[in-house]
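Next come two complexes built around subunit A: one with subunit B, the other with subunit C.
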Partner chain A sequence: MNKLGVYVCSGCGIGETLDVARLAEAAAEFKPAVCRTHAAFCNAEACGMIRQDIAEGKVGAVVIAGCSARFKAEAFCFDHGSVVERVNLREQVAWSHQPQDEDTQMLAEDYLRMGIARALKTEPPVPLQDEVSKTILVVGGGVAGITAALEAAAAGYEAVLVEKQEELGGRAAGTRKRAAQMEDLAEAALYNPRIRTFCSSAIEKIEGQPGMFDVTLAAPAGEQKIRAGAIVLATGWKPYDASRLASLGYGVSPDVITNVELERMAAAGAIVRPSNGQPAKSVLFVQCAGSRDAAHLSYCSSACCTETLTEIGYIRQQDAQAQVYVIYKDMRTPGPYERLYREAQDHPLNFFTKGEVAQVRRWEDGRLAVTANHTLLGESITLCVDLVVLATGMVPNGTEDILKLAYRQGLELPVLHNGFADSHFVCFPYETRRTGIYAAGAVRAPMDDEQARQDATGAALKAIQCVEMAARGCAVHPRGGDMSYPAFALQRCTQCKRCTEECPFGALDEDAKGTPKPNLYRCRRCGVCMGACPERIISFKNYSVDMIASMIKAIEVPDNEDKPRVLALVCENDAYPAVDLAGLKRRQYDAAVRIIPLRCLGSLNIVWIADALSRGIDGVILVGCKYGDDYQCHFTKGSELAAKRLENVKETLQRLQLEPERLQLTQLAIDEWDRLPAVFDDFVERMRELGPNPYKGF
Partner chain B sequence: MNGSALVQPDPNLIRDVMAAGGGDLKKCYQCATCAVTCELSTDEAPFPRPQMIAAQWGLKDRLIEDPGPWLCFYCGECSKRCPRGANPGESMMALRRYLTAQYDWTGLSRLMYRSAVWELGVLGLVALLVIALFTLPHDFGFGLLSQYPAALQTVMLDRFAPKHIVHLADNILAAGLGLLLLSNGWRMLRALTRGRSIPSGTYLKALPGLLAEAATQRRWKKCADQRGGINWVRHLVLVSGYATIFTLVVLFLPWFQVEDSGLHWTSLLGYYATAVIIGSTVWMMSDRAARRSEMHRFSHLSDWLFPILLFLTAVSGILLHIVRISGLPMATYVTYMIHLAIAVPMLVVEVPFGKWAHLLYRPLAMYVAAAGKESCEKRMAVGERG
Partner chain C sequence: MSGSGAKPVLVIGGGIAGLTAAVELADAGASVILVEKSASLGGRVARMHQYFPKLCPPACGLEMHYRRLRQHPAITVLTLAEVVEISGGPGAYEVSVRVSPRYVTEACTVCGACADVCNAERFDEFNYGLAKTRAAYLPHGMAYPALYAIDRSACREGCRECAEACTYGAIALDALPETRTFAVSAIVAATGWRPYDAARLSPLGYGRFRNVVTNVLLERMAASDGPSAGRILRPSDGREPRTVAFVQCAGSRDENHLPYCSAVCCAASIKHAAYIRALYPETAITIFYIDIRTPGKLEEFYGRVSRDANLHLVRGKVALVEENTATGDLLVTAEDTLAGRKNSLHFELVVLATGLVPQTEGLPAAFERDEFGFLPASRAVGNGLPKPPAGLYAAGCVRRPAEVSASVQDATAAALKALQSVRRSVSHE
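So, the complex of A and B:
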C-alpha cells in the first residue's frame, strides 16, 4: 500500500465554509505520512511542496481535497508511479451548501474519507506495450476513400486503399460534372508512394484490434495479408431501389428514370427519352422520390436537391428552350448551394412548385402526364412531359458483407439511425461502435461529395489519433490518454457471457466455452464489463468494484433519523460536470447527498447498491445520460444497461422489505444542470417521507 | 386526374412580363411575405403571391381572368420586404403592362410595350400626321392662312384652325379613342367574369363603388404608402387638372379657343389645369429620376412617356396662350401646330393602348372584384343559414 499524503486546500471559499482543521483531524484516522493544509495548493510553490513529498518518497498516494478534478488537471499532474486522488470540496461542497454548517462539515469529511479510501486501493496504471502498426486501411475508393488515403499519406502515414471496382473513383466518377475531378483525385492516390491501392479487391477477413488489425484481402493477384493500425470505412451509398416507386411511375414507361440514371445518361452524352432516343424537350423532376416518406426512406439525403439543380444545368446546355419542372417537398440547398437554386429559378422555362406527385401515366401523344396535388398554384395540376426524373435518396452501402470482422459481436459495424454506420449524432462524428474503425462519407450519413471530403479528412485524423494512442498504450476518445485497462481474474469466471455481450465496442471475444478473450486495444475503458460481471472479476488498477465499495463504506451513516444519507452514483461524462456547474452557479442542494462519479453508469455493479443499503444509506440515485435512439451516452447505452440492472435489483429489494422507491435513475443531459439541485432535493425529500432505512445501525 | 388542371405554360407570357419590368419575377419562391405585407390583399383573394407564380409559370388564362394586378397601387412594401429580391411590386406593374397589351385587340399595345422603336415610331407618325394636316390641305392650317394676308399681321386663329373644324375633329378623335378603349375594356370585363357566376344585381350594387373609385381612387389611401398619402393626393390633383382641360377641349372648345386677350372663365380653368399638370408632372418625373420611393425604383419607357408628353402638352399650351396674347401671329400658328402635334399623339397612343387605359381597367377590375366578393359573401351567408 502506498504511503498516504493528504493535502487540504482552503482556497476558493473552502476555508470560509468548512473547518479545515477538523477535516485534517478526520484524515488523521488513516494515519497519513503527510497531512498539509494550504490557502491555494494550485499555486506553483504549494504544488512544488507536493512534488517534493513525492520525490522524497514520503508519499505515494496523494489525496488533494480542493477543487473538482475537472479543474487544475495540469497543476496536479505528478510523476507516473504516484496515485493522485482529487476530493471535490469546492464545487460540490463549499459552493453548493450552507457555510459553517454541521451537515456541510459532515459532507466534506465523508468526501475526504471516501477519497482516501479510494486512493489507498488505487495502483498507478501501467500502459500496454505492444508493437503496433500505424498503417491506415481505407475501405472504398470513392471521393471519401481517396481523400482519406491522401490525407493520411499527407500526414506521413502509410495507407492501403481497397476498392471493389476495377478503378478508383466511386459514384462521382460516373457523373458528368465530377468525372474529371475524380480522375485527378484517383491519379493522385495511385501515384502517391505512401498509398498502396488494391482495386477489384474485397476484404475476406479482419482479425485483431487497433494497432494490429490483420486484414486478409482477396485481390486479383491472389490473397493479400495486410497489418493495419486503424480503418476508415468509406464505402459510400447506393441509390434507393426505384422499383419500389411504382406509385411515382417508375416502370410505367422507360421515360421515367432516376437521377442516377440521368447522370449516367448525361455523362455518356445527350439527355434523351429512352423510349425513342429523341432529345427530351420537357423534363419533370420529382424531388424526395421515396425520401422523407415513412413508407420508404424517412430521412432527407441532403444532396438530391443540389443534384437536380446541377442536372437542370445539363438540360439547359443541351436545349435553351426545353421546359423543366421541379415538384418538391422543400428545396433544400444549404449554404452556397442556394446560388444554384437561384440560378435555376432565374431561367424563364424552369418551373418550380411544391407539391405531391399523385400519378404518372402515359399521355395520348406518348408523353407522360404527371399529376401533382397541393401545389403552390392552388390546385391539382397535370403536366405533360417527355421525361420524368425521380430524385431518389441514398442508402448506406457498407454495413453488410464488407468488413467481415472476426468479432464476437458480429461481422459488420453496428448501425444507428436508418442503417447508417454512425455512432452518435452530435459529439463524435466518424466514431463507430468498433474502436479504431471510423466511418466517413455517405456510409455514415447522407451527404454530397464536398461534405464527404471533409468527413474523410476528419476520419483520417481520427484514425491517425487511434494508431498513435495505441502506440502509447492508452485509450482513445472519450477517455483519451487513459492508461488503465480491465484485468480479468479468469479463474473465477463462470462463462455467463454478460461482459462479452454487453461490451459496447465488441472488445471481448470468447473462446468455445464462453470465457472472455479481451482485446485490450479495442477497449474504451468504460467499465461496462466490470458492471456486468456478477462475479466481480473485472477491475482496473484505478477503478474497481472494491474501490467504489470502499468509498461507500467510508460514508458515515448517522443513526439519527433527521440525517438521512443518499448515495448518488453519477456518470462522469455529463452528469458530474453538470453537478460541478450547479456548484459554479452557487445552486444549493441537500447535504445528505454523497456523490461518487462513475466512468459510465454502465459500469454500475449492483453489489454497490446492496453495500449502500445494508449500511443504512436511505436511498441510491443514479444520474446518467439520456438513452434511446438519440442517445447521449459516450459508451452507447451505459445508462440503459444501468436501468435494466436496477430493475432487477428492485425485485430483490421487495424481498428484503425495502421500498423500490429507494432506487432511482435520472436521465440528465449536461445542459440540464439547473435541474440537478431539484432532482437531489426531491429524492432526499422522498427518502425522508419513506422514513429511515430499517437496516440503519446494523 | 379528376379535378386537376392541365397546365401548359406560355413562354411568351413569361418573356413579355419579364421584358415589361418583371425581370426579377422568376426569383420568387412563394413564401407569401408579399401578400401578408400588403394592406390591400385579402384572405379570399390575396395578391401578389398567386399572381407571381401564375406569371412565373406563364399561366395566361389565369392572369387574364384575374383582377388582382389592378388592385395594387404599388406602394412597394412587398418589394422592400421580399426576401428573395423578386420585386413583386414591380412584377405586378409589369403584369399590368402585359395585361393592357392583352386586352387590346389591335395588338398595337403589345408592340409598343415590347419595343421602344414601335412606341416612339407610332408617336412620331401621329405627330407627322398632325403636322401634315396643318401643312398639306389648302383650306386648313397654313393653306387656309395663305388666303388671309391680314392674319399674318394680327392673330386670327379662325383663319388658321377654324373652331368648328377643330371641335369636330376633337369629338371624332375622342369618340374614336373612347370606342377603342371601351372595346378593350369590354374584352377585359369578359375575361374577368369568365367562369364567375355573379348575379347581375350584385353588379348594380357595386356600381356606385365603381364610380367613386374611378373618381377618387379611394382604395389607394389604404396603401402602406410611406409618404403619408402624397402620391395619392398628387395623382388626384393631376387627374383634376387633366379632367378640366380635357373637358374644355372636347366640350367647350368654342369658348376655350378665343382670339382676344380678355380674361375668360375658360382661361381661369386653363391656368389651373396648366399649373397642376406642369407642377405634378415635374414632381413625378423628378421622383422617378431620383428613384425617391419604391414605386419609382424602376421606370419603364411607358412610365416616362406619359408624364413627359403631358408636361410638353401643358407647356406648349401655355406658350401658345402667351404668344397669342403677345400678338405674335406666326409664332401662335406654329405653336398651335406643335401643341397639337404633342397632345394628339399622346392621346392616340396612351388612351386605348398605353398607361392612360388604367383609368378604365383599374376601376373595372375593382368593380368585378367587389361584385365577386359580394356574391361570395352572399353565398356564404345563405350557406350558413342553410
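So, the complex of A and C:
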C-alpha cells in the first residue's frame, strides 16, 4: 500500500469554517506518513513541499483537502506514479454550509476519511501496450469515402478503400454537376501510393477492436484479410423509394421522375420527356417528396432545395425559354446558397410557390396536370407541364448488412429512430456507439456533396486520433487520455451476461458459455460493466466497487436520530460541476448529505446502496444526466441503466420493510446548480419525515 | 509520429470551433497554441441557455473540453490575447500575439475576496450589457480558466483595495501587456461571429423601443446564471410577456443588410419559443417568417415544437414595429402571404432573429475574405475565388453561418488539414 500523505488546506474560508486541527486529528487514525496543514497549498512554495515529499519517497498517496479537483489541476499535477486524491472541503463544505458548526465539521471529517479511503484503494493506472495498426479502413467509395481516404493519406496514413460497385465515385458520379470532379477524385485515390482500393468488394466480417480490427473482404481476387486501426463509414445514402410516393404521381406517367433520375438523364445528355423522347419545355419540381412528412421521412433531407436550383440551371442551359415551376414547403438554401435562390427567383420563367401538391394526373394532351393547394396565390392552382420532378429525400445507407461486426451486440452501428447513427450529434457528431468507427457524409446526416467532403475530412481526423490514442494506450472520447481500464476477475464470473448486454459501446463479447471477452480498445471507461456486475469482479486500478464501498464505510453514522445521513452518488461529468457551482455561488444545503462522484451513474453498483442502508444511512440519492430520446449522458445509456437498477432495488427494499422513498434518482443538467440545494434539502427532509433507518446502530 | 521538432498549430478563437479544433488536434498528437481575445473560453455558445434540438446546456460539452484542457500538456491557452502579425508561409509561420494583462495571476483561487471589496462597476459583455459586474470579476461561474480578471478601465483611480484584500498575492495591478512570438506550422482561424447590429434595422424599433430585444439577449434572459435568473421578462416593466412575436430574417436574406441566410436563426427562434412555452404556459407566440429553415434532424424539433396550439406561424415579412408609449406594447405590421393580406397585431415583447456576421476584425490579411466577408470560398459563391494558402484554415461561423454541430464538423476537418501541415513540415526538415 502507498504511503499516505494528508495535506489539509485552510485557505479560501476553510480555516474560518472548520477546525483544521481536528481535521488533521481525524486523518491521524489512518497513520499518515506525512500530515501537513497550510494556508494555501496551491501556492508554489506549498506545492513544492508536496512535490518534495513525493520525491523523497515519503509519500505515494497524496490526499489534498482543499478546493474541488476542477480547480488548480495544473498546480497539483505531480509525477506519474503518485496517486493524488482531492477532497473537496471548499465548494462542498466551507462555501455551502454553516461555519463553525458541529454538523459542518462532521461533514468535513467524513469527506476527509472518504478521500483517504479512496486514495488508499487507488493504484496508478498502467497504459495498455499492444502493437496497433494505424491503417484507416474507409467503407464506401463515394465523395465522402474517397475524400476520407485521400485526407488520411495526406497526413501520412495508409488507407484501404472498399467500394461495392465496379468503380469509385458513388452517387455523385451519376450527376452532371459532379461527374467530372468525381473522376478526378477517383483517379487521385487510385494513384495514391498510400491508398489500396478494392472495388466490387464487400465486407464479410470485422472482428477485433480499434488498433486491431481484422477485416475480411470479399473481393474479385478472392477473400482478402486486412488489419486496420480505425474505420470511417462513408456508405452514403439512397433515394427515398419513389414508388411509395404515388400520391405525388410517381407511376402515373413515365414523365414523373425523381431528381436522381433527372441527374442521370442530364449527365447522359438532353432532358427529355421519357414518354416520347421530346425535350421537356415545362418542368415542375415537387420539393420534400418524402421528406418532412410524418408518413415518410421525419427529417429534412437538407440538400434537395439547392440541388433543385442546380437542376433548374441544366434546364435553362438546354432551353432558355423553358417554363419552370417549383412547389415547396419552405425553400431551404442556407448561408451563401441564398444567392442561388435569389438568382433563380429573378428569372422571369421560374415560378416558385409554397404549396401542397394535391394531385398529379395525365392531361388530355399527354402532358401532366399538377394541382397544388394553399399556395401563395391564395387558392388551388393547376399547372400543365411536360415533366414532373420529385425531389426525393435521402435515406442513410449504412445500417444494414455493411460492417458485419462480429460483436455480441450486433452487426452494425446502433442508430436513432430516423436511421442515422446514434451519437451526441450536437457536440460530438462523429462519435458513434462503436469505438473507432466514425460515420461521415450522408450516412451520418443528410447533407450535400460539399458538406460531405468537409465531414469526411473530420471523420478521417477522428480515425487518425483513435489509432494514435490506441498506440498511446489510452481511452478516446469522452475520457480521452484516461489510462485506466477494467480488469475482469473471470474465475468468479457466473456468466450472467449483464455486463455484455449493458455496455453502451458493445465492448464486451462472450464465449459460448457466456463469459465476457473484453475488448479493451473498444472500452470507453465508463464503468457500466462494473456497475452491472452482481459478483463485483470488474474493477479499474483507480475505480472499483471496493473503493466506493470503502468510502461509504468511512462515513460516520451517528445513532442520534436528529442527525440523518444521506448518501449522494453523483455523476462526475455534469452533476458534480453543478455541485461546485452551487458552492461557488455560496448556496447552502443540508449538512446531512455525503457526496461521492461516479464516473457515470451507469457505474452504480447496487451493492453500494445495500452497504449504505445496512450501515444506517437513511437514504441514497442518485443525481445524473437526463435520459430518454434527448439523453445527455456522456456514455449514452448510463443514467438510464442506473434508473433501471434502482427500480429493481426498490422491490428488494420493500421485502426488507424499508420504504422505497429512501432511494431517489434525480435527473439534473450541469447548469441546474440553482436547483441542487433544494433537491438535497427536500430529500433530507423526506428522510426526517420517514424517521431513522431501522438498521441504524446494527 | 509527429516526432520531435514538430511545430505547434495556432488556433485563433476559443469558442466551440476553436476549442474543438484544439482538443481534436492535441488528441491526434499535435501541440496547440489556443489564442482567445476575451478573459475566458467558450465564446458565444457559453452565453447560450440551451442548444437546439436537444435543449441541453452548452456547459455540458464545454466542460468536457475544459476537463481535457486542464490535463493536456500539449495545449497552451492564452486568454486576453490577440494575434497581431503573421509572417512566413505554410509549414513555417511566425506569429506575434499580444497578451493583455489580466491583472490577476495564476495564484488566484477564485475565492472572490477581490470582487467583495471592489466598488467600481463595468459593462458585463458576457451578459451583452444586460447586467454589470464589479471591476474585479469572474467572467461567469463555469469560466475557464477559472481566474478572476480586473478591468482596469473601470477601476477608480488609485484604488488598490482588491490587491490588499487578496490573501494569495494574486493581484498585479501594474502588470503590462506583452508580445509573444511563436513559430507554428499551421493556423486555424475560428474567430466566430457577432450578431448583426439590430439598430440598423430601424423600422423594427430595436434601440428605440424597450420591449424589442434580439435573439442573443433572449438567450441570456433564459439562462439560470443570466441577469434575470432564467426569467424572460419585459425590459420595460419586468412583467412576464403574454404575447411574443419573433421576427425572422432580421437583417438576413436582405440585399440591403446580409444577402445570405444566417442558417441558424429559424431553429433558434423555435428553441426560444420552447423556452417561453416552458416558462409561461399561457403565453401566445407568433413567428413571422419567409421560410422556416430547419434542415436535417432539426426538422423533427420544429415539428415537435410547432404542434403547440399557442404557437402561430405567419408567413410574411415584418414591415414595421411601432410602440404604444403608455403600455410599452408593440404593434407589428406584417404581410400574411398565405392569406394574401396585411395585418397589424399587438405584442408585449418582440424578438428580432438577427443574423450572423463573420468575426474577422483584427484577423491578419493573410486570410482572404469572400464577397460576404466569410473566410473561405464555397460552391454558391462561384468559382475562381482565391483559395487560402495551405497552412491557413478556417472553421466554424467565420467560414459560413453554422449551428454547433456543423461548427464542430468544420473544426474537426480543419484539425486534419492543420495536422497534415504539421506532418509535412516535419518530413521536409
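Here, the second predicted complex is superposed on the first by the 696 of 698 C-alpha atoms of A that agree within 3 Å, B and C clash if a C-alpha of one lies under 4 Å from a C-alpha of the other, contacts with A are read in each partner's own complex, and residues count from 1 in each chain.
Here, a residue touches a chain if its C-beta (ideal position, glycine included) is under 8 Å from a C-beta of that chain, and two chains touch if they have at least 3 such contacts.
Every value quoted in this text rests on a predicted model; they were computed, and no experiment measured them.
Which term applies to subunit B and subunit C once both are placed on subunit A by superposition, clash or fit?
clash
Scan A:384 for contacts with subunit B and subunit C and give back first, second, both or neither.
After superposition on chain A, A:384 lies in contact with subunit B alone.
Between subunit B (first) and subunit C (second), which, if any, makes contact with A:376: first, second, both or neither?
Both partners.
Just to be sure I read the superposition right, which of the two partners does A:21 touch: subunit B = first, subunit C = second, or both, or neither?
So A:21 meets neither subunit B nor subunit C here.
I'd like to know which partner A:489 touches here: subunit B for first, subunit C for second, both or neither.
neither
Per the overlay, which chain contacts more subunit A residues, subunit B or subunit C?
In the superposed model, C touches more residues of subunit A.
Applying the touch criterion given at the start, work out whether A:345 contacts subunit B, subunit C, both or neither, answering first, second, both or neither.
It touches subunit B, and subunit C stays clear.
So in the superposed three-chain picture, is A:40 touching just subunit B, just subunit C, both, or none of them (first/second/both/neither)?
In the superposition, A:40 contacts subunit C only.
Just subunit B (first), just subunit C (second), both, or neither: which does A:12 touch?
A:12 sits against subunit C, while subunit B stays out of touch.
Now for A:359: first (subunit B), second (subunit C), both, or neither, which partner does it touch?
After superposing on A, A:359 lies in contact with subunit B but is clear of subunit C.
Stretches 97-105, 259-267 or 313-321 of subunit C: which one clashes with subunit B?
313-321
Overlap of the subunit B and subunit C footprints on subunit A, residue-wise?
Correct list for subunit A: 331, 342, 354, 376, 378.
Across the complex, what residues on subunit A touch subunit C?
Interface residues on the subunit A side: 11-13, 39-40, 42-44, 67, 70-74, 77, 134, 151, 154-156, 291-292, 294, 298-302, 306, 328, 330-340, 342, 354, 374, 376, 378, 418, 420, 424-430, 445-447, 450-451, 454-455, 457-462, 464-465, 468-469, 476, 478, 480-481, 573-574, 577, 581, 584-585, 626, 630, 632, 634, 669-674.
Please output the residues of subunit C touching subunit A within their complex, sorted ascending.
1, 23-24, 27-29, 49, 51, 53-57, 59-61, 63-64, 67-68, 70-72, 106-107, 109-111, 141-142, 146, 167-169, 223-225, 229-230, 253, 255, 259-263, 291-300, 303, 315, 337-340, 370, 372, 374, 378-381, 400-402, 404-406, 408-413, 415-417, 419-420, 423, 427
Considering the complex alone, what residue numbers of subunit A touch subunit B?
Of all residues in subunit A, those touching subunit B are 321, 323, 331, 342, 345-354, 359, 369, 371-373, 376-384.
Residues of subunit B touching subunit A in their complex?
Against subunit A, subunit B makes touches at 1, 3-9, 11, 14-15, 18, 26-27, 29-30, 50, 53-54, 56-57, 59.
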